[in-house]
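Okay, got some structures for you below.
Same chain, two partners: chain A is paired with chain B first, then with chain C.
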Partner chain A sequence: MQEVIRLEKVKLWRRTQEEFSYDLKKTVLSIAAGKYRQPAKKLVLNNVDLVVEKGEKVGIIGANGSGKSTILKVICGILKPSSGKVRVRGEIAPLIELGAGFDPNLSVIDNIILYGVMLGFSRWEMKQRVGLILEFAELEDYALVPVKGLSSGMVARLGFAIATDVQPDILILDEVFSVGDERFKQKCQYRMQQLWDEKTTVLLVSHDLDYVKEACEVLIWLEKGEVRMVGGTDEIIDLYLISSQTKKSTIK
Partner chain B sequence: MASTLPTHRTLSMIQRYWELLYVLVSRNIKVRYRGSLVGIYWSLLNPLIMTGLYTAIFGATFAEYFNNSIVDYVLAAFTGLVVIHFFNGSTSQALLSVVENGVLLNKIRLPMSIFPMSMVGANVFQFCVGMLPLLLIVTWLKSHSLISLLALFLPLISLVWVCMGIGFLLSGLYVFYRDLGYFYELVRFILGISSPVFYPAEIVPEAVAKFLILNPLIPIIESIRQISLSGNLPELSLIGKSLISSLIIWFLGWSCFRWWQEQYMDLL
Partner chain C sequence: MKNKLKYPTEIVIKPPSKSLNLDLKEIYRFRYLIGNLVWRDIRVQFNAMYLGVIWATVRPLLMVTIFAVFRNWSGASLHVPIPYSVYVYSGLILWFYFTEATTATSKALEKNASLITKIYFPRVINLIVPAIASLYGLGVAMFPLFCMMVWQGVYPGWRIFLLPFVLLQCMLLVNGVGTLFAALSLESKDFDKLLNQILYIGLYVSPVFFAPGLIPEKGRLIYFLNPIAGTLLAFRSVLFNDFPFPLWQFIYSIIATIVLLVIGLIIYQRVEAFIADKL
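Up next, the complex of A and B:
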């Protein structure tokens, strides 16, 4: 088996959320008053080791704030680890929250090209793909309409159509999505199955344990930024449920 | 098949940067003008009205510094305003650019510098369609020389460099200090007033004039005026001054942006 993702002793420190309120006026005043202190940092990933091999379907579970999405961001290269090594082989396609990259004032076609270029394609290539994407999203009649004129279901369909119009080596899914009406959902599922072929490595974050059970072979259980356990899906889910049950009883 | 076309994501870094710049600049322009190129000519309105206003108020008083000619005053005020207007527009749009695209940066890996660059890029396009032809016509009428027409591009390139440098600096700082806009408004006002746009540089007291060296727009304005309005051959020393000072600013802005870049994602 060929290894496609390897994280070695990855640590990540991030500034905490309350720093968001910092502004220039306050900073200058606090320096003048001699009260300035370095912004606080929090360890969000602690010594994470992870190896994923080609074709593996890996699920990541854990409580809110345990670092699930953060790990995906590190793998995608959006966040740089403070220490440790990250190695990724192959093309990553993030199936991001649908429609995050759309500009509501631009037409559907312009958005397809913009989005595609941001995902790493050339303009020329996206122009070749526009027709197929519109067809899959069933938005041929709306090609020149600004995206703000579409219904939210249509926007989600468009996002799904663009993001899955690729055959990536590594597919990254943050939370499961269900798009549009029942008929379109089935269409999505069919396409996901195609993406899900043997060669594609899948990394998936979800709270929906049933879905995880169905989709993944290997699970990684994160707790407070550390890998608590790695193993087969059924085994990990059982342990995970037991642990969250005991937590519940301590609350009572 | 999920995709009937083979995927070619083998673009080099530079190609990818260029493709991104192209789509983002065209997005900025399309959103701003809603598909009608006529909209771009609205951007001419502001400097033209300001030129009229300055001429009406100061023209008669200051004409003696401009060969006793109101026309010369109008042209000098106009060239100065063109520079100030471009600088104000592109830098204050660049200021917001990284933060505005924070959601996107959290989803897709993108070179962050592309956002301030694309704002300056959109303004360059707007300039080329709107102001540049006017400037070129004035230059041709005054100098009748092809050399002057070509030389005019050198201070304009300096202007773009300055705007990029300041744009990098501002967009990076704005990630940390979200009230930067108010302070920058003040800085912009100071730069605008300290540039000899509507008054002749000669009236500034010597003690104050020493400090004006800090204003990077002054050598650019002076060089553009010398090339387009004086009718003489382009003065290399002025061009050199504007190119060097703008390169320094570009480099400073770029280095700061790169230096801070690692910390942006925590705050977006």
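Up next, the complex of A and C:
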């Protein structure tokens, strides 16, 4: 087996939003008064080691704020680790948030092309694929409408259609299974199934444990920015449920 | 899908480096993205306005008229050795290119926040695009200039071949100043205002509607500390044969551009690590 993703001792500090000194006057005064503090930082990933092999379907679970989405962003290159190293082999199609990166003022067709170029295709190649993408998203009638004129469901459908159409080596999914109406959902699931059967490596974050159980072979359990456990799906889910149950009882 | 354009097969993501380090290879790899973002900017700007082409020319034309009228009424000598309208118009269009592109660069990170926080691409690209996209408006505004030149009988000489070089220097100056303020305005919004003020005052202190001959000999050295002064004069010189080339001033402009670019990039790299947290 060939490894496609490797994280070595990845640490990530993030600056917390409320501490930003947007006010220059305050900053200058606090420096003058000798009270200047560095903006507060928070350790969101702590010494994460991880290896994903080609074709593996990996699920990431954990409580809110445990660093699940962050880890995906580090793998995509959106966030750079503060220390440590990330190696990625192959093309990534990130679905961190469906429809992210669309320009609301451009038409649907122009957005499809722009998105494709961002994922590494030339304009010309994307023009060839526009038809298929529109067809899958069922937005043929909206081809020339600016994206701001679409409903949020349509935008999500468009995002899903593009990201899965480009057939990436690595697909990254962050809670994206509530797209559109029932019928479209089935269509999505069918397409996901196709990706599943191929050699695509999939990383997904979900709170839907039933879906994770069905879709993934390997699970990573994150807790407070650290890898708590890695292992087979059933085993990890059982332990995870027991752990959250005990937490629940302490709440009561 | 076949003949798919591949981005590198292996990417190593490392902590951001502290020293100045501009990955030109990486930028070249994403050249299609640069082209597409430029195309998007132009399209959004000129499609949203039916009269986009007119707006690009009407402002400098009106200002030329106003300046020319005042000059005639007051009889002031502004030390311009060539027909006044051509001199002012050419200065204004380059000046407006500079201000528009610099402002756009300084706001580019926020404008593209939805891309930056969701998809990976070299972020520096955001800061390169406005200087290229704004060239379109400059090009449009050149047409009335050609008409005026023919009308006034002012023609370029061999120096016209230096035009791309002067424009490149202007673009790099835009990149330098824009990058600096893009980075600073992530820290504090006050820097947006500061840039606005500088650009607003700059129109009146740069050689746009008067020639530096107006400035007393003693003051000229200080006057040419303004890095765009040399650019504005060189731009006239490549377009109009009778206008002398400001050799030393232009050399200074090039040096100042390089210094500003380096400073801008260094400061930008310091905030880059936290961009996704701040947007």
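In the analysis below, the second predicted complex is superposed on the first by the 247 of 252 C-alpha atoms of A that agree within 3 Å, B and C clash if a C-alpha of one lies under 4 Å from a C-alpha of the other, contacts with A are read in each partner's own complex, and residues count from 1 in each chain.
Assume a residue touches a chain if its C-beta (ideal position, glycine included) is under 8 Å from a C-beta of that chain, and two chains touch if they have at least 3 such contacts.
Predicted model, so just to flag it, every value in this text is computed and none were measured.
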Self-check item: Partners on chain A (chain B, chain C) - clash or fit
Solution: clash
Exercise. Look at A:Leu72 in the shared chain and tell me whether it touches chain B only, chain C only, both, or neither; answer first, second, both or neither.
Key: neither
Practice problem: Determine, under the contact definition given at the top, whether A:Val48 touches first (chain B), second (chain C), both, or neither. | Solution: neither
Quiz item: Touching A:Arg191, do we find chain B (first), chain C (second), both, or neither?
Solution: first
Quiz item: Is A:Leu203 in contact with chain B, with chain C, with both, or with neither (first, second, both, neither)?
Solution: neither
Exercise. Using the superposition on chain A described above, determine whether A:Thr164 touches chain B (first), chain C (second), both, or neither.
Key: first
Quiz item: Taking the superposition as given, does A:Ser83 touch the first partner, chain B, the second, chain C, both, or neither?
Solution: second
Quiz item: So, does A:Ala156 touch the first partner chain B, the second partner chain C, both, or neither?
Solution: neither
Practice problem: Using the superposition on chain A described above, determine whether A:Asp110 touches chain B (first), chain C (second), both, or neither. | Solution: both
Self-check item: Touching both chain B and chain C, residues of chain A
Solution: 14-15, 20, 22-25, 27, 73, 76-80, 91, 94, 96-97, 100-101, 103, 105-106, 110, 113-114, 117-123, 125, 129, 166-167
Quiz item: For chain C, which residues count as touching chain A in their complex?
Solution: 1, 3-7, 9-16, 32-33, 35-37, 40, 43-44, 48, 114-121, 187-191, 273-274, 276-278
Quiz item: Contact residues on chain B for chain A in the complex?
Solution: 1-5, 7-9, 11, 15-16, 19-20, 22-24, 26-27, 30-31, 34, 103-110, 176-180, 183, 262-263, 265-267
Self-check item: Contacting residues of chain A [partner chain C, same complex]
Solution: 14-17, 20-25, 27, 73-74, 76-92, 94, 96-97, 100-103, 105-106, 110, 113-114, 117-123, 125, 129, 166-167
Practice problem: State the interface residues of chain A toward chain B in the complex, per the touch definition above. | Solution: 14-15, 19-20, 22-25, 27, 73, 76-80, 91, 94, 96-97, 100-101, 103, 105-106, 110, 113-114, 117-123, 125, 128-129, 132, 164-168, 191, 194-195
